[in-house]
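Should a chain be cited, it is by its letter among A, B, C and D, assigned in written order, with residues numbered from 1 in that chain.
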Amino acid sequence: MKKILNDPKNFVPEMLDGLLKAHADQLSYAGGDVHCIVRADAPVQGKVALATGGGSGHLPVFLGYVGKGMLDGCAVGDVFQSPSAEQMLEVTRRIHGGKGVVYIYGNYGGDVMNFDMAAEMASMEDIEVRTVLVKDDVVSNKDPEKRRGVAGMVFAFKCAGAKADQGGSLDEVEAIARRALANIRTMGMALTPCIVPQVGKPTFTIGEDEMEMGMGIHGEPGISRESLKPANEIAERMLKTIREDLPTASGDRVAVMVNGLGATPPEELYIVYRRVHDLLTADGIKIHRAYVGEFATSMEMAGCSLTLFKLDDELAALLDYPARTPFFVQV
Amino acid sequence: MFTVVHVREALRRAGEKLLDLRDRLNELDAAMGDGDLGLSMSKGGEALIEYTEPEVSPGDDIGKYLSTAGIAFNRAAPSTMGTLLATALMRMGKEAKGATHLDAPALARLIEAATTGIQERGKAKLGDKTILDALIPASQAFSAAIQQGQPLQQAARAMVEAARQGRDAAIPLRSNVGRASWVGERTEGKLDPGTVLCVELLEALTS
Amino acid sequence: MKKILNDPKNFVPEMLDGLLKAHADQLSYAGGDVHCIVRADAPVQGKVALATGGGSGHLPVFLGYVGKGMLDGCAVGDVFQSPSAEQMLEVTRRIHGGKGVVYIYGNYGGDVMNFDMAAEMASMEDIEVRTVLVKDDVVSNKDPEKRRGVAGMVFAFKCAGAKADQGGSLDEVEAIARRALANIRTMGMALTPCIVPQVGKPTFTIGEDEMEMGMGIHGEPGISRESLKPANEIAERMLKTIREDLPTASGDRVAVMVNGLGATPPEELYIVYRRVHDLLTADGIKIHRAYVGEFATSMEMAGCSLTLFKLDDELAALLDYPARTPFFVQV
Amino acid sequence: MFTVVHVREALRRAGEKLLDLRDRLNELDAAMGDGDLGLSMSKGGEALIEYTEPEVSPGDDIGKYLSTAGIAFNRAAPSTMGTLLATALMRMGKEAKGATHLDAPALARLIEAATTGIQERGKAKLGDKTILDALIPASQAFSAAIQQGQPLQQAARAMVEAARQGRDAAIPLRSNVGRASWVGERTEGKLDPGTVLCVELLEALTS
């Protein structure tokens, strides 16, 4: 296992300790537990608070988006594992600014059950909680309600966070998160597995010349294992699959994200972006903003995902709104 | 009649079994999920072992003992299965609230409460290829045997046997919930790790 | 070769095409050659212009720092290969705002020779060029003049870029770049090689349980090949080596960069940062700013580097000054 | 007497040799540098082959032909070695400026100019374990042989032999400039790729 770490058991707490030290001006933690990350200035009184959470190993997702204009708090679990209901409750208490809390997180079994428990407990403390599940991974299930959440969640954080920062009500912030997510689709592919530190071996095996289309960010098998294709073909197929699920036509305005899963260099991501850009532009679709880089990763997995976000005027303005977190700055 | 002393021993055995199962569960989960079931269960197992460290007195409240075990288990293992098993412990605790002694019918009610708790928390059905495919028939077999007045040993054997049959009957099925459901048809023909866990845990608890 | 690309021969031009399309609001190119990247608003009249250049495969280095408050232009070579003197001259012409140009780039044979040629040609066109070489890699040579340039160059770009943005003269901007670099040291280590697309196989081989301390960013062998050590020990040794070369004592103020080489996840970088932070803090050294992430990479190489930058008041203020490029935003 | 026709043929042979050497130079460079020497030289080789595509007339200016070849070579291969060889071509071009015919002493001056150009551009000395360790003795041997009135074939053989000896004499040395210098003592005992290139190129040019 080629990793720079100390005892694998301390991987997450040491990572969090380092991160809190590096970003003490922006981040703090609640309840004496470094897994309960909150904005340094939490609670922001009179603002709807946004929280997320999930397993570690996906930086910048999830905690990397805690900061001004995006999220107020994040409960951090062990690698690829949900945080506990207690930790989520701790974050919820600390960020609540009197106007309620919106949970936005990925549709994974453990997370859903724990966040549900946390929401039940929070409501017993008179904190109103709304839950918005991210289910943007188009190929993970035919039933849109059963899909898992991947990189597209960043756009939801961005728009809902902007709405909350602008003084939106609990209803309004929840509605923006839902409307954004209704217009967000992602598809991913992987070339190599990653290694969970405490497991110590790759999450799956794959041939030296193979790729897996539709691979999940925890190494969940995708829709097809096949020989490695050229970047243009990969880009085309991901875009086609997404557009079959999210109809887009000439005159539409979109944001595009080409996201690296960890080991894939930005150079390769730009080669993928190039093809996506050319195809969309050729169809008369306007690219309002392009995001190319690592936004939601799987440790050292090689591969990428493509996210399309169809915008209306309000969503575009919310996406453009400034934000500042340790991993995401937009001016 | 069972007291909290027996419950403590049973939880300890369960905890040790979870440690033993680490690699096997990781492998089974890797084949159709994210390969961490052994990891989270061994953490839960460690929490149970630590939790059952202190002595208990035969007159202690069994319900409270089980509920608090559930909270400790969730803290240590907040994964899907960890949360389901924590819920099971908490529901058993709720069912046994105030009791210091349990007879066979009370034991059956506990197992039923655990099964219902897992169903409500996870919203899965029989045939979805989850732990429930082993647990529901096991719970039913146990309750039926107790109702028929069978001795506890025999009822326990019937329960474990029903769990085994449920586990094996789920092999050809396709996973319909949780991470494994994303794998789709490739789960057909494979053992569901949750059903394996169920069989092993029931064996450990009743041995 | 597990890479997402089309024909390896087109790796760099396709990457640049995608990048220019993604960041058309901020970047443009000179002389009809996508290898000659310049700020979209170049030339900025009345400002000293800053240029860099070097081989591809190190994103965000080099072109990623072209933007407001940092660089004006960058000549981009093929993977790990210098751009040509002609390309550098093209960039120089386009960014010159009447106050001269400062070249800041890494001390590599091919680059030095081509930039020297470019500077000679530019002076024939009455463009005054100053050259500042980056030589921050402490272990690459005992003789400080022979060391190679690595991640520390980003701090030099930042400070010199801020000085130029504030209206500094050619002398002043050059002096700031030199003063910054006199106070910057870096050391790196690697766990895995990377693959140059047109070569198609790893730049070196290394055992499954080995690391190389002092490894260069093109895979140049380092100072010792040894068994993989815990993160804390790696951090301690890099910090110790750097501090032997750049004396730091209680009361000093520094900026710290923990840089990932490509495949190493940010989680691991924060574990390294944590140890560095604790050691410096224990010695009474104040950490003015911490940068943890990917700032100078080697494609998909696993490993990291540590950079220490000893600050005086002016350098600290210049480091704090806002900047905005496609890869680096500071507010 | 040599005309641009011979020069063109020589450059073409050099270009083809550079293509042939691709893998070998990559390997040698990987052992002590960044492993790209074969890559850049094959690009330079392609550029030379393309450059020598058009026919030339025996009366053309040899100097101009060589200078322009240098610019084309730098554009295609702006690496350390590419820039040095481009400089060599440009300096030979400067030396031969205006000439349509070259005799043996003129050829010797061309090779001296190339050697000086590489020294000035790269600032390396004899013994630094670079291409110069083969090129300087080769150039000296050629000039000496021509001065002694030896026939061209024999002078060429002396040049190549001197380059070989310089290449081999550099093996035990430690690289003192360029990327390889960072590798330090681990370069001792290894062939410098630049010296190998020098021998091969001189062989190709004189064959």
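Note that in this section a residue touches a chain if its C-beta (ideal position, glycine included) is under 8 Å from a C-beta of that chain, and two chains touch if they have at least 3 such contacts.
All values reported here derive from a predicted model rather than from experimental measurement.
Centre-to-centre separation between chain B and chain C, using Cα means, comes to 55 Å.
Chain A and chain B, compared by their mean Cα positions, are separated by 32 Å. Our note on geometry: chain B versus chain D, Cα centroid distance of 77 Å, whole angstroms. Per-chain Cα centroids separate chain A from chain C by 29 Å. With touch defined as above, chain D holds no residue shared between interfaces to two or more other chains.
For chain C, the set of residues touching two or more other chains is empty. Interchain contacts link the chains end to end along an open line, per the touch definition above.
Pairwise, the chains that touch each other are A-B, A-C, C-D. Within the complex formed with chain B, the residues of chain A that make contact are 77, 79-87, 108-110, 113-114, 116-117, 140-141, 146, 148, 196, 198-199, 203-204, 216, 218-221.
Interface residues of chain D, counted against chain C in their complex, comprise 26, 30, 32-36, 39-40, 71, 74-75, 78-84, 87, 121-122, 177-179, 181-184, 186. Listed in rising order, the residues of chain A touching chain C in the complex are 2-7, 11-12, 14-19, 21-23, 56-57, 59-60, 191-192, 208, 228, 230-232, 234, 262-275, 277-278, 290, 292-294, 297, 299-300, 302-304, 324, 327, 329-331.
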